[in-house]
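The letters A, B, C and D name the chains in turn, as written, and every chain counts its residues from 1.
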Amino acid sequence: MAKTTPLKTILTTIFVAAFGMPASAEGELSLLTWEGYADDSFIAAFEAETGCRVSATYVGSGEEIIAKMAAGGGVYDLITPASDITRLIIEAGFVEPVDISRIEQWENIYPQFRELDNIQMDGEYYAMPYTWGAIAFMYRNDAFETPPTSLAALFDPRNEGRIALWDDKSAIYVAARYNGDTNIYTLSDEQIAAAVETLIEQRPLVRRYWSTAGELVDLYVGGEVDISNTWAGYQSALIAAEGIEVTEFIPEENAEGWMDSWMIVDGSADNACTYPFLNMQLSEQGQCGVANVNGYSVANPVAARNCMTEEQFVALHQDDPAYLDALLMWQPLGDRMGAYVNAWNSVKSQ
Amino acid sequence: MTLRALDRIGMGFFLGLPILWIVLFMLVPYGVLLTYSFWIKSYPLFEPAFQFGNYLTLLNEPQYLSVIGRTLKIAVIVSVTALVLAYPFAYFLVFRLKNVTIRKVLFFGVIAPLWVSYLLRAYLWKTILGTQGVLNSTLMGLGIISEPLDIFLYSQAAMVITLTYIFIPFMVMPIYAALEKIPRNLDEASADLGQSSWTTFWRVTVPLSLPGVVAGFTLTFCLCFGDFVAAFLVGGPDGLMVANVITSQFGAALNWPLGSALAVVMLVVVLAIISLSDRFEQRTKVQF
Amino acid sequence: MADIALIRSKPRKPPLSIPKGAADGAFITYATLLLAFLYMPVAILIIFSFNDSRVLAWPLSGFTLDWYRTLFANADLLEAVGNSFYVATLSTALALCIGIPAAMALHRFVFPGKALFRRLLLLPIALPGIVTGISMLNFFNLMGFNLSLHTVVLGHATALLAVVVIQVLARLQRLPPSLEEASSDLGASALVTFWYVTLPNIKTAIVGSGLLVFVLSFDEIPVTFFLTGRDNTLPMYIYSTMRRGVTPEINAVGTLLILFSVVLILLAAFLTRPPGRKR
Amino acid sequence: MAAIIELDSISKHYGPVVGVNHVDLAVEDGEFLTLLGPSGCGKSTLLRMVGGFEVPSAGTIRIAGVDVTAAPPQQRDVNMMFQDYALFPHMTVGKNITYGLERKGIKGTAARDKAEAALELVGLSGMFERHTHQLSGGQRQRVALARAVVREPKVILLDEPLSALDAKLREQMQVELKHMHEKLGITFLMVTHDQTEALVMSDRVVVMEAGEIAQDGTPEDLYERPATPYVANFIGTTNFLSARVVARGAGLVTLEAGNQELKATDVATSDGQAIGQIGIRPEKMQILKDTECRPVNVLPGTVVETIYQGLALRTVVRLSSGEEMLVDEILRQGMLHSDHPRAGDPVVLGVEPHNILLFGAER
């Protein structure tokens, strides 16, 4: 990023011992990922089999992955960004291509994901699709006589103080759809301004902008809120486990979809553990592992078919390509990302 | 003063490492921070440049000024609240408690929570203030309210309570130290001159303890000004603080230059507050 | 003259006179309330660490030791605790190594730029950790250093240096200058004086500030947030689990930490007894 | 006797402030010399420069013939007893004393033996293992002395050594220190603002005024023949009268003071300065009774008040010229102060010519 200066040379010499740490020692694999993506329930067997030691650092948002990469990501081997930021990560040069000839089940991945533009550049693939899901909506069963079916419920004064919204630029997507703008990933400045307007109006109704999965769970369990958006499959299960009945739904205005994939951090392709790990994650072991832990749908329906019960297979829409196609899959925002993020910040600032 | 050769060697010995450290890990990083603040955001990351765009953005987009204003407001409220809570306590310890051991124990009792994880202490307020939290259930149990109130949590008030709670020790410590330094005979002299204890308090004790008050206020204010955990844990939809915006610029918005510019602003504000309080302290300082 | 005197002694409102006993009663009540305010959350933390529901809500559902059991089975958490110890130990050592000579220099010498030197040294105590963290992050990034626990250590040492300087300097200033003079008068070189006379007499300040730096470093978030690589310290671990929702397991950790703090406080009290008063 | 300390035109400036101004002084080997003066007169600064704690702005300091002007304290063969004693609080009495020996390379039992001997010398045998905070003020002082003498320095510097003690103990320690000096035979250089202390203990006293030496002499010299009103005023009490020379000759000088004529023993002043002021010690005057033969000089006046001081009776007398004089009379056995003149009584004061101190004109 910067030119070599004498100062840099001196400092580098001084600190090389302490900070010249290689990405990983032999037989170690360092992940920057979401919780559940390297859960012991399926990683332990992999470690035992291969002798590779897996250590994971967990992030709270996709942007945090970029931030960590920008802050010197050389200490990680693999990352799992969502489909809206994969392109940025590729263009920033944080990752190197995935050799798909070494991915055994590559052909089994949903073609929609495999052929996604966001994960390719100059004819090379840079990501291995892993999981997917919807940013669905959710309500507390005992709080609504007539189940809500539209985003309007989140903007309804009757629900004042009972609403939670994800503290993310996704809030802009929600407001834009509520405003009737369906091109949520290519909003014009005016459309964004209108979304901001809508969100500011909504703000007094909002109990809390939730930022983490657990927080939303606590909000429901603590009786703070009745309706919110949610990472489909994940939080509702946790809430149900606490004995509170909630229902997820895709509103009339549709919902966003997301897809996480594994990417190889620049310089880590040579790690002997990398490809065995990727192959494990795309196999039944990894796919059902993550589906069981996080409740997300997975990218390899063939593996899913083999390891899931029929019930789970259906519940996760693994049998239903139309469901997937209907979702507004996250798109890279490119240099418009700043506009979205700042718009969301300005809602919270005012 | 003439320095002997030996003293000069000693000075080099004592000064060398600290100066090296200050230059390497404070001055250079602050310089880098300043440099970054003139860079420009450029997809996918950012590029070296020299332009004032980031600062203009901070000035022109109302959201930044309003966040800075809100942060200042909360920091002032917290500092004042902490002062009002801490002063009588410190006064009680120093002037009313005769038993030195009990005084020491109580003083330690107030600063000991510093040793309990900051994050946990902040988090605990969520448990207390929540709709089904300790406060609501206590109030309901006492029959004061019939329905749980949701006004406690996820609001600026919740942030003020939490931050005050966290920073009270920082207020008690310097005030206690300042009060302890006031010679007892002044108090007695004033009483001897026929002043009521109330007048003595306002005319003698308060002015002499001002340096401690200023120190505590400054520290609390600055720490509050830079806090980003309270908003994260107990803040409501209107709880964003400057530090949260900075964090988001380094994370979600991926605009390090703008984040750096905001951090520079924060640095300047803190420096201004410190030199202001320094000046005030110089004026109120009394030698005994 | 007489007129002026009259004007000056214009009858005032009778001074507020509260019976001493009542005032003391009010003070004692107030002090009790404040301490309750300070300790109630801590008590709640401890109570919830034995509560058998995942949810932190009143009333309690039942008593359990499960959270302590899962705590000791949680490898990530234990590793985070270990990392925190590592970081806190190293930063304390560094802060002492830099802070003690700095305090000595401030106390002993007159040199150009001393006021600036002093102000810079003390700046980080008031500077929000986020500024320290970000400026060092920018710096390390520019230098191409990888973030790790070591960068965190550098950040903590820088941020907490002032704690050592303030406490040691205050002690030095209370020390009669004649002690060091007596030592050199008795034939000791500057270094011998520092080692045999100055150091033992500021020992309690060193131990006290060292322990405080240790605790603050152990608990530090903003600097760590920006400077850590793939390793988590305990507060960062807690911070990141808050994304998933805090389990009473964290309350159990907190309870153990309080226990540990109490031990440290007692240790501090023991080590910082007035010199010579061994009984 | 040879000079052990030679100060040659020593000056010390603090910015524009002059602390010590061109002081020349030689301290003889073995003598007990005291620097006397009020606070701020530069006496402590001078002592600290001898000890090496401050560096002179100009001039040279020689100790035993060696130029030590720039040498740090640890390289000087002198040891100081500090005003606050500066006992190391973290060490036992014994450790305090052996500290200086260890710096000289004397360790182990050799050091311990020497320390025990020093303790015995100051009358604290058996206190080796004591902690310094367990000692009384007088004991601390002795330890400080032991710590200084154990190194067998050429000179011991004492900085207001008795100021921290109460009056009774101070008197006792004055004598003890004096005896200690005689026993040791080491040069003592002391600083004090207490004239009694200086007179009682010293072989020679140097009175300092505003960074310069006002007078240098034996205690008797200073008391009986103060060179300036400043010295006369600082040491003991003196009644001052402005005076004018009327006639001079035959070893006597005739003066006019107020409206009185006085005869005084002439003292040839070296600078031939005109006499402008005279001083009379209160105890060198008497209130004349009718029966007594009249001395050479008489001063009529009126009693203003009498002050009973136990040992003496002080009478304040207003002269006809309006000036007030103090007269001290020892109350001997059988003398009852009630017999003395009371306020309002007219009296006549008598003074012999050799008891009148002659000074230059008031500055």
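We take it that a contact is a pair of C-beta atoms (placed from the backbone, for glycine too) under 8 Å apart; a residue touches a chain by one contact, two chains touch by 3 or more.
All figures in this text were calculated on a predicted structure; none of them were measured in a lab.
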item	value
Chain with minimal offset from the mean of all protein Cα atoms	C
Interface ranked first by C-beta contact pairs	B-C
Relative to subunit D, chain with the most remote C-alpha centre	A
Inter-centroid spacing, subunit C versus subunit B (mean Cα positions, whole Å)	14
CA centroid of subunit C to CA centroid of subunit D, Å	53
Between subunit B and subunit A, distance of the C-alpha-averaged centres to the nearest whole Å	36
Of all residues in subunit B, the ones touching two or more other chains	1, 6, 28, 130, 132-133, 250, 256
Residue numbers of subunit A (touch at least two other chains)	2, 11, 70, 211, 222-223
Touching two or more other chains - residues of subunit D	72
Of all residues in subunit D, those that touch subunit C in their complex	51-53, 72-74, 78-80, 82-84, 86-90, 99-100, 103-104, 131-133, 147, 151
Residue numbers on subunit C that touch subunit D, as the complex places them	176, 178-179, 181-189, 192, 196-197, 200-201, 203, 275-277
Touching residues (chain side subunit B, partner subunit A) in the complex	24, 28, 41, 43-45, 48, 61-64, 66-67, 70, 130-133, 148, 150, 153-154, 232, 236-238, 240, 245, 248, 250-256
Sites on subunit A touched by subunit C in the complex	1-2, 8, 11-12, 15, 18-21, 30, 32, 35, 55, 57-58, 60, 70-72, 74-76, 211-215, 217-218, 221-223, 238, 242
In the complex, subunit C residues that touch subunit B	15-17, 23-24, 27-28, 30-31, 34-35, 37-42, 44-45, 48, 56-59, 97-99, 101-102, 104-105, 108-111, 117, 119-121, 123-132, 134-139, 142, 154, 157-158, 161, 189-191, 215-216, 219, 221-222, 225-226, 234-235, 238-239, 242, 246, 250-251, 254, 257-258, 261, 264-265
